[in-house]
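All chains are identified by letter, namely A, B, C, D, E and F, in their written order; residue positions are counted from 1 within each chain.
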């Protein structure tokens, strides 16, 4: 995912969240709030929490969730080796049915990395 | 999902079902029959059964199944508030990995609703 | 589940919830609150919401959750036929791997029903 | 699982199925019928179908279903090596969360095998 | 899936595997090796192992994995009737949420079959 | 889980692993090796990897796996607050069907903690 694609991902996400909020009652709104709050730094740093969110999304095989946490991992300064070790835990726990998600995740990561490396 | 899209969804579904029936033996055919029969009105009205089918599809994260039950829910006169409360149960039970499916479901519902509201 | 068993289920649940609350931070507490709130009567009656919670628990194959919603369904006046139709939707959607949960659920229901029928 | 245990498993299963049938409507009965019919010999021999049922139950992590198919596999003359290769496919596909089910399955198989080997 | 599509599927798969291997450490590489090794002929023939892989992918609802095993099943000489019986086991075990995957699988199979039948 | 229970858990696990190894071929053995290797300290410390294993087991709802990782988390010096934040991520991602596993996990943690606190 190039930065353009990251931007596109964010725009579509925001647009769809607007539709969700148009219909959402108090309970759905509270879930969305907790879903943001739970990744905030606490006893564990935000970086570790994003790795926890990534591996959870990975073993539950939710591509959209994986994409989101990959972007957040990059923002939190996760290294390629740290990412690989996290996905290895997920691959072992979740089995070979996670391999298609591994392929997509590393393609996104590779594109994000190439974009960053090309910055002046 | 506009009525055009609903139409497109139905056409593709029918085309694929024809391929299934070309290969299906007696057992697959019986499953398809029961899968239709179980949503027919009984002690519970068809509307409630469609909500049950919707929330099952939602927590099992099957987008095609969700689309199908959304169309059927609209046909059974489910209101936006009833839909939202059903999806809220699914979101709480199934967790934030269902959020991408919530976004798609409410986008489809929103488009179906706008189409109906624009009818003379 | 006889009323004794229902009582035992509730006591163990409360005891364990006390341990959860001893460790729970704000986010876990909020999830527990929403998990209660979402089943309150709204546009849909509480009875329908309990059926939605039951079928969600059933297709996700969570025996503890199924037990809880069965008790609540009985409290909301769900009939045996309504229960059976709800579980039939879950069985069709979730497949034969739900059958062990169907067996346990109907055994619990049968015991609760016999207890009620024997009341003066 | 010794033959006594196999017998116990069957008795409990039959007792619970009687309760299911007490409540089951036509749709649940039809699912139970198809669930039996689909494992009957056809283009594929019954033995292969039982291995397919076993690996499906294994990756979906349903212990009761695994127990049932293990007994049927023994009846169809599946060898220990064939069983191991089937579970290896399931373990690779389903990941290390299937390991507790692998342990239980092989314990059952080991007990059934020792019982058979001790027969005159 | 026409042979062109099969070719396209393989090319994309190889391209993505190259990205995976660029990042993969020893553990991920070992999982990929075992994922290949487990389908090799042993006590069970390769054909049966591919059917086991197919039904596992099917009940776990992994379209990419299903596509891969369908191609391998065709290579191992699986007949349409054998395929149908395998998918029937998966459909019964995994429930109607697998129906969208059944539709896609049989569409791919139908296209592969028409391509083969048109060869001189 | 008191230290006695931890000891009992380990003994049963070892006994069952012995049965697994009696039947396991090369592929199953390799998976067991990778399943150990992936949690070894690397770019990420062992403690973080255990939290990743814990949250993966938690959202995939595998009680045996959760028990194992809880013991390992205690050995790696995870604090109660770090544990709670990890489980909160899992609860939000995996939904209220994980609550029975949350109850069991915190009961085990509480018992392990009381045992440790009572040591001279």
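Things to note:
As a working rule, contacts are C-beta pairs under 8 Å (C-beta built on N, C-alpha and C of every residue); 3 or more make two chains touch, one makes a residue touch a chain.
Every value quoted in this text rests on a predicted model; they were computed, and no experiment measured them.
Annotation of chain C and chain F: jointly contacted by A, B, D, E, touch as defined at the top.
Interface of chain D with chain F: the two copies contact each other largely through different residue positions, with under half of all numbers used appearing on both sides. Note: centroid distance chain E to chain F, computed from Cα atoms, is 33 Å.
Centre-to-centre separation of chain B and chain C, using mean CA positions: 24 Å. Residue positions 25, 27, 31, 34-35, 38, 42, 56-57, 59-60, 65, 81, 84-85, 88, 91-94, 96-97 of chain F each touch two or more of the other chains.
Chain contacts in this assembly form a complete graph, since each chain touches every other chain.
Here chain C touches chain D in the complex through residues 61, 80-81, 83-85, 87-88, 91-92, 96-97, 99-100, 102-104, 106-107, 109-110, going by the rule given at the top. Of all residues in chain A, those touching chain B in their complex are 13, 16-17, 19-20, 22-25, 27-28, 31-32, 35, 56-57, 60, 62, 64-65. For chain B in complex with chain C, the residues that touch the partner chain are 31, 34-35, 38-39, 42-44, 48-49, 51-53, 55-57, 59-60, 65, 79, 81-82, 84-86, 88-90, 92-94. Partner chain F is touched in their complex by these residues of chain B: 59, 91-98. By the touch criterion stated above, chain E contacts chain F in their complex at residues 25-27, 30-31, 33-34, 37-38, 42.
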